[in-house]
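Okay, got some structures for you below.
Two complexes follow with chain A in common, the first pairing it with chain B and the second with chain C.
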Partner chain A sequence: MDAVFNNMDLFWSGFLRSLGICLWGMVGSLILGTFIAACRVSPIPSLRWFGTSWVTLVRNCPLTVVLFFMAFGLPEIGINQSYYVFGVSALVIYTSAFVCEAIRSGINSVSAGQAEAARSIGLTFSQSLTQVVMPQAFRSIVPPLGSVIIAMFKNSAVVGAFGVGGDLWSVYKNLTSAQGYDGLPVITGVAVGYLCITLPAAAFLAYTERKVAIAR
Partner chain B sequence: MSNVLYDEPGPKARRRAAIGTVVAAVILLGLTGLAVWRLADRGQFDSELWSPLINPSDDNFVLVWRLLAKGLQATLTAAVLAISLSLVIGTLLGVARMMLGRAGRIPVVAVIELFRGLPVIISIFYVYILVRSTGIDISFLPGSDGLWFLVIGLTLYNSVIIAEIVRAGVNSLPRGQSEAALAVGMTRWKSMKNVELPQAFRTMLPALISQLVVILKDTSLVAVLGLYTELLRRGNLISLNLDNPIQVLFVVGLIFIVINYALSKLAEYVERRLSTRGQSTGVRLNAGAAAA
Partner chain C sequence: MTAQETAPVSAGRGEPLVVLSGVQKHFGQLHALKDIDLTVTRGEVVVVIGPSGSGKSTLCRTINRLETIDEGTITLDGQPLPAEGKELAALRAEVGMVFQSFNLFAHKTILENVTLGPIKVRGMKKEAAEKKARELLERVGVGHQAEKYPAQLSGGQQQRVAIARALAMEPKVMLFDEPTSALDPEMIKEVLDVMVDLAEQGMTMIVVTHEMGFARTAADRVVFMADGAIVEENTPEEFFTNPSSDRAKDFLGKILKH
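Let's turn to the complex of A and B:
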């Protein structure tokens, strides 16, 4: 295991870079996913249709296909970006479909009577949304949304393996091919690095779930 | 349509929705038009890029589709092997977690948490490195080594997911089932094997089909590592030869989407059928299980 302990600084910077991919992916997919969810529940049929098609297409397509399409396809039509940008964008697009479904199912879990009651005592649309519907929906959104985000953290390893530079995978490549270390201890270090992201996230989710759990 | 967010629309709301529909449609069509214009501008609709894929009289047509069919076959082989192995190992793990005592449960839970937290692509690569650096000989297994790196990597992850599905399925049964089994003199093991598991598998069926979708998608992870030539890597190699990545990836993506869409519809259908037969509805771990 000397390969890992002698190169702690390398692993640390790789870890931070991998963590960065996760965080950008999280911010991006939450924004895009919320937007798609808003489309899916909106009263406007064409937006609903757009949201539904987006979710159907993206959810059934492997992340790697999205990633390859961006990295190899987009340059063909003159869109050139670094693999980092392409990788994070693919992660955001792929995860947004799952974020959308988590949010939508949360909203649908609030019974219609709640909103009807809110309307009948004279609350406006935004009042009923912010005071009555969302606080209840939020509680049932948290568990599935948390699982989606953790799955996204794990999927960020795909982006890393594709080769964005500076992350845990490039630490692996650097140590094994350039410095000639044996692969097994180094990949163990990389795996531990990812576990350091996913296991605390899972523990935090379990804690939050208990906090917001409601018996309906 | 009345739901939790808005009421049955009146005349004013209907008018607003109609205007909104038109505006949104114009924007969406505009964006689509922009993409199509960009593709056309860069010559992506040229017949020499598409014809190996769609024109049967093209010289490469037969070869390209034969290769894609081979890739699809490789993908399906890996997926079927992985789901079968995961089902066996996952059931054993799930049952072990439920039947073992407090102390015996600890290693099982540790294994489940460990492999659940590990990205699948790392598991696959880890198996590859482990086999290569320890010199374990896996050539006795049928098929290429790459296939088994993929299958073992997928099995490590999916068997712990299936273990959790099994556990959720058994826990969703009414307590009376196991109580009745014990009351007629069955041992706990017999009650599990003859009473609880058979019922649990029935309620688990939709979740298992959804898991097959996840596995099918995850087979394409090896395309990034380049260990095994399944559908996506096959497509990638074809596009390198023909220099048409957009067109080939479009077709590959479409094949994945059609298969997975059909499978998720099947899962929904099975779930509906099971729930109308008075059984509890299918067990779903959560949306995240499908996201991996």
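Let's turn to the complex of A and C:
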């Protein structure tokens, strides 16, 4: 296990980099996913159309295709960014479709009569959503949304493997290919690094699920 | 409530308040509303009656634009219904709606159900809104339930809360879509009593119901619908004892049998 202990600083910075990708991915995909979900349930047909197309398109593309599209497609039309920005953006775009669907199915679990009653007392579309529908949808949104986010944490390794640099995955490549360490101990260290991100996330999810189940 | 308090509501009695003219509505192939002309004047109580699927709910729902219409116009107090956005929300605040299935906000207490609109739509202060809500809840006879959640109340109590929730917005007109159809017989009366009171105080009401007792006591006019069209309109007394159309005779024959 020398490979790990002698390179603790490298692992630590790789861990932080991966954590950063996960957190940016989470924040971004929650915001974008919520926006797309709002489009999908909106009373305006063109927004609904946009939301539906977005989900259909993005959800049915492999993450690697989205990544390559960003990293190699966009520069050809003059949009240049670092691999880090492209990588995180691809993760956000890809995950937003799943976030959207988790939110939308939660919204659909609230009976249509609730939204009609909200509108009939004069609440606007966004007030109905925030005051009446979302608080009730929340309970059914948390479990699937949590799974989506944890899956996204794991997908962040794909973004790493794609060459963002400096993350846990690149630590593996660096130590094994460049410095010649054995693969097994190094990949074990990488696995521990990822578990340090996903296990607390899963615990937090379980806690939140219990919390929203009790709160009426 | 005293006569003085209700004076503003009954002021201008007899002027047209809700006017539908040439209203057409389709659901795909189905012609759900056929060339509907209907004028409801201020202070008037109109009962809409007719067989299942005749378009009664659809008619109600077009008046606060929960359903859009294909042709024709609907005006409230002389103003055409806005298409969408803030203006539409403002219009809906003027039109109270009571649903067959109550639709109280399940995650809010009874008091919060009644104060939500006044606070969020009318911009009322929380204390003022709560004071008014408690008065309304008292008036419909559920004052002591204010801190409970809807699921803890009986159907009849929930429906009376729904009426209070609509009244809290001080609407110009109240729409009721079969408000007692989901209730056990012993609860129907408590809801109808509240509605009769409301009618006596001069509220303009459009009520879809098969409760003939209510129609006879409170209604100024009965509108009979069949297959999406208004077939017959008359005073309750005339309509129930001496219907002129075959459709109405046939329908009354059926509902009077049981």
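The rule we apply is simple: the second predicted complex is superposed on the first by the 196 of 216 C-alpha atoms of A that agree within 3 Å, B and C clash if a C-alpha of one lies under 4 Å from a C-alpha of the other, contacts with A are read in each partner's own complex, and residues count from 1 in each chain.
Definition applied: a residue touches a chain if its C-beta (ideal position, glycine included) is under 8 Å from a C-beta of that chain, and two chains touch if they have at least 3 such contacts.
Predicted, not measured: the structure shown is a model, and the values here were computed from it.
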- request: Scan A:150 for contacts with chain B and chain C and give back first, second, both or neither.
  value: first
- request: Please indicate which partner A:105 is in contact with in the superposed arrangement: first for chain B, second for chain C, both, or neither.
  value: first
Task: Considering only the touch criterion stated at the top, classify A:9 as touching first (chain B), second (chain C), both, or neither.
output: neither
- line: The answer to whether chain B or chain C touches more of chain A is B
Task: Identify the overlap between the chain B-contacting and the chain C-contacting residues of chain A.
output: 43-44, 111, 114, 116, 119, 125
- prompt: Within the complex, which stretch of chain A touches chain C?
  reply: 43-44, 111, 113-114, 116-125, 127, 131-132, 135-136, 216
- line: Interface with chain A, chain B side, in the complex: residues 1-7, 9, 13, 17, 20-21, 24-25, 28, 38-39, 41-42, 44, 113-114, 116-122, 125-126, 129-130, 132-134, 213, 216-218, 220-221, 223-225, 232, 236, 239, 245-246, 249-250, 252-253, 256-257, 260-261, 264, 285-292
- line: Per the touch rule above, chain C residues touching chain A in the complex are 64, 66, 84-86, 89-97, 99, 101, 103-107, 116-117, 120-121, 149, 162, 165-166, 168-169
Message: With touch defined as at the start, can you tell me which chain A residues reach chain B in the complex?
response: 41-47, 50, 56-57, 59-69, 72-73, 76-78, 95, 98, 101-102, 105, 107-108, 110-112, 114-116, 119, 125, 129, 133, 143-148, 150-152, 154-158, 161-162, 182-184, 187-188, 190-191, 194-195, 198-199, 202
